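The structures considered in this document are given below.
Both of the next two complexes hold subunit A, though its partner changes from subunit B to subunit C.
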Partner chain A sequence: MGKGKPFLEVMSSAIHEDYRFPFLELFAFLYAIGTFVFASFGVTIGTQGTAQGTTNEIIAYGAVSSTLSLPLFIFIILVFKNIAYGLGSDLEKGIIQTYFSYPLRRRGILTAKLLSALGIALILFLGIQLSGLYILAPDIVLPQLGTVILTYAANLSYPLLIAGIMLLLTLKLRRGGISLIAGLVLYFAMSIISSIATVFAWASESPLGLQIISMINPSLALQQYYGGTFEFWIPAFSEVLIYTGVSYVIVAIVFFLGYTYFSRRLNL
Partner chain B sequence: MSLIVAEDLAKSYGRVVAVDGLSLSLDEGSVTGLIGPNGAGKTTTIKMVLGLLKPDKGWVKVFGQDPWDNTAIRSMIGVVYEKAFFPAHQKTLEYLQRVCRVFGVPESRAMEVLELVDLQEASDRQIKALSAGMLQKFAIAHALVHKPKLIVADEMTANLDPQARSELLDLVLRLHKDEKVTFLLSSHILPELSMVCDSVAIINRGKVWAFGKLTELYEKYAVGIIRISTDSSYALESEIKKLNYVKELESDIRGVSVRVAEGKEDELYEDVLKLAKKIKAKILGIETGSASLQELYRLAISGKERK
Partner chain C sequence: MKRWTTILGRGGTVLIAISLALLLVSIIPQINLAASVGVMPVASDQVYTISYRALTPQQGFQVEVTVEGAINVYLLEVGSEEPYPGVSMLFDNATELQEFLDANPDLIIWEYKLENGNFDHYYTPTKVMNATLVFHNPGLDDATVDYAVILTSTVAPGEKVRNIALGTTPIGIVLALPWLVNIWKQRKQS
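Up next is the complex of A and B:
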């Protein structure tokens, strides 16, 4: 017997639970509404950017940023639900114990669960977003694909970091409630911390705080690059790429810790 | 051949020692019962056997291999937990068909195992809609899907009604006899274990206090035991305690179990009748060497406690 089937069956079972009616339908609807309603504003706002990059890049950045604002929040809610409520309750109720009786390695079980919790949510989010953008503004998406991808990458790394932290908390505590609260706190804390750092940057004319935040939330650096409000900090494109890269390294480390804990230490 | 061998296993949860130097060996083809009071370490032992918990000390081998994250042995083991855990929103037959695909057995096996536990009529029901008893039966069906060589069950009959318990014990005996399945069963319901087990391990405070074939254990702990059934067991116990030839004494609400020095049995009968008259206790019966598993368990525990 090959190793593929237990993995696919566990993943399919996880998808069945995570996206049972009406979750898939509801979230797909909300993504679509968010994408199409906000896209019309996006192009207009995008054309007003002036800082760095070509005009077309700024338009593409503005369009993507505006269309993803609400769907990104919906994506975060869906991921929070899947990790805290889905994985958390699987651990709490003991469904993971049942999966541990199948011929599948622990890391395979976690991958199957995460592909369902995060992977499907991401595919759904990006699929509807890119389709919406392509339908509404095909001349932006294809010619400026690099900018579009970078904007999504920069905006997704912080939610993925929170998802990773929630995963660690859920595995450690073996329940999802506290990790859900932690996830929400971290999500809203970023806005507060960014605001404080912005005020501090204005007052001190030092971008240090913003640069540190950009390492975990590179959308801030990207925002400065394409339409920055601070004259004292307009990062170079390579700098934006570095912030984005560093943020994904941090995300990868957090998920690696989660995998290591699940595979080697998690006692049920 | 031993299917499970555990040597000097230890596991603590913080300061609480759950298992403390436990050693055990389970022969192929046996039905072994794990018995012990709450908190004795039965579930922790089973979890270490199944690779769900890593021992702090010692080792366990199942089919000659370390069970931690070991996929090779899982196709040979069926597991039934005290509380059954399955994805709640899936239908019973559909989920078992999925499990068939996981283990690479024909999907028709799903209906076979549902019929085996008399759940065929619930095949279209969502798992969350099953009653506690039905869920336990479903867990047993789930454990049987891949025709395992070893079934490990923790309090398997806990949620079942007497009829379902009896059917399940029949099923255990049938699987053991016809398909040579080896069982490791933990249960608080000792009369049940005595019906199906050929060996028992008595666990207390994280250690195996007595382990062996039931016949050997009876010989070791129950031969020479005289069971006195009475309506005033504790009063009678305090009187019998004063007899100088009494070696072991245990009582419960229904009577007193006594072991006496060799050749003193007749003397005990006479003394018990006198003492009963003195304290106005009613003697309902006196039996020799007829300890139940429950008494055997109590004698083994009390014997060790005294040592």
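Up next is the complex of A and C:
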């Protein structure tokens, strides 16, 4: 028997647990409703003189940011639930030990679990959001596809980082409850830290704090690029791309640590 | 086989859930933001325009026109980024309008040639744009235009969203049915 079949067995079992009927349907419904209800095409940002990018790029950025508002939080809830409770309960109940008896490497088991917990949630979220935006404004989405993708990438990196940290915590603690709380605290902590850094930046006229935060939450740099709130920090487009790239490198490192821990250190 | 039934079934139920959301969105009523109503005489070869700035995909407008005489009605689009320098949107005469139409055929959203008739049209932009409604009397006699232009705000273009929902619902039902029947049979057996 090849490795493909056990991998699919683990993945289908994980999908069955993560998306019990009608959870998947409920989240799909909420994503679809949220995309239309929260979409806004007014130029809510980019009215400052230091804003970069063309008007159409700013409109596309504003539209994606508005549609992301609540649906992104719903997406985060789903991913956190899947990682904390899905993987946590598997560890608690000893289901992971059963998977270890499969002719499959440990990293294969974790990949199957993460594809279910994160991959399917991400495909559903992006699929519905992009389709919704295309239905609403095809002449904004298609010509500004680069801006749309960059906005999604910048906004998703921090939730993915928290998901990685939650994965590490769940593996270390072997239960999901505490890591779920830690994930939610980290998510809300970012908005508090961003606000404090913004105040400091205004007071000191130094963007250093914001630049550091942008390395883990590049949406802040992107917001500055298209919004132009501060006169003393006007990031170039290449700078925004670097922040986004760095943030994903950090996300990759955290997930790599999770894989390493699961493969070598997790004694069950 | 059973696994495929489950995968397709869940795909179908997701499609039904999305369709329900779209149907719900499509029945959210639109709000009338502003209305421009009037009756105006349009002399031979004269041009009248009504312009709207920065319309969005969540703003549309309904045009109801009744004409006595001969009138050409155009809806023209001017991109928000490139305002076409050197072209005044308030055309002074028919020659200016014709020159503009010949030079920018891609900016004509629609055009109607009316003679003692009426029309009712709804338009929702697919991007942020300016729009100008143009009335032109091409005839030799004077004409009268009785018009009502209602600017509306909506969550989504209702008809488009409803059509997509009505198209995807049957696909979702077809995909989900075998899976739902399986579940029903299993429950009946147990």
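Following the convention adopted for this analysis, the second predicted complex is superposed on the first by the 257 of 268 C-alpha atoms of A that agree within 3 Å, B and C clash if a C-alpha of one lies under 4 Å from a C-alpha of the other, contacts with A are read in each partner's own complex, and residues count from 1 in each chain.
Here, contacts are C-beta pairs under 8 Å (C-beta built on N, C-alpha and C of every residue); 3 or more make two chains touch, one makes a residue touch a chain.
Here the structure is a predicted model, which means the values were calculated and not measured.
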Could you classify subunit B and subunit C on subunit A, in the superposed arrangement, as clash or fit? fit
Is A:54 touching the first partner subunit B, the second partner subunit C, both, or neither of them? second
Should A:20 be classified as contacting the first partner (subunit B), the second (subunit C), both, or neither? first
In the superposed arrangement, which partner chain does A:12 touch: subunit B (first), subunit C (second), both, or neither? both
Can A:28 be said to touch subunit B (first), subunit C (second), both, or neither? second
Looking at A:93 after the superposition, I want to know if it touches subunit B, subunit C, both of them or none. Which is it: first, second, both, neither? first
Check the residue A:239 against both partner chains and state whether it touches subunit B (first), subunit C (second), both, or neither. neither
If you take every C-alpha pair with one atom in subunit B and one in subunit C, what is the shortest distance in Å after superposing? 6
Could you list which residues of subunit A make contact with subunit B in one structure and with subunit C in the other? 12
Given the complex with subunit A, which residues does subunit B contribute to the contact? 47, 50-54, 69, 71-72, 74-75, 77-79, 81, 83, 85-90, 95, 98-99, 101-104, 142-143
In their complex, what parts of subunit A are in touch with subunit B? 1, 3, 5-6, 9-10, 12-13, 16-17, 20, 93-95, 97-98, 100-106, 263, 265, 267-268
Please name which positions on subunit A make contact with subunit C in the complex. 12, 19, 21-22, 24-26, 28-30, 32-33, 36-37, 39-43, 54-56, 59, 124, 128, 135-140
List the residues on subunit C that touch subunit A in their complex, please. 3, 10, 13-14, 16-18, 20-22, 24-25, 54, 56-58, 80-81, 125-128, 155-157, 160-161, 164
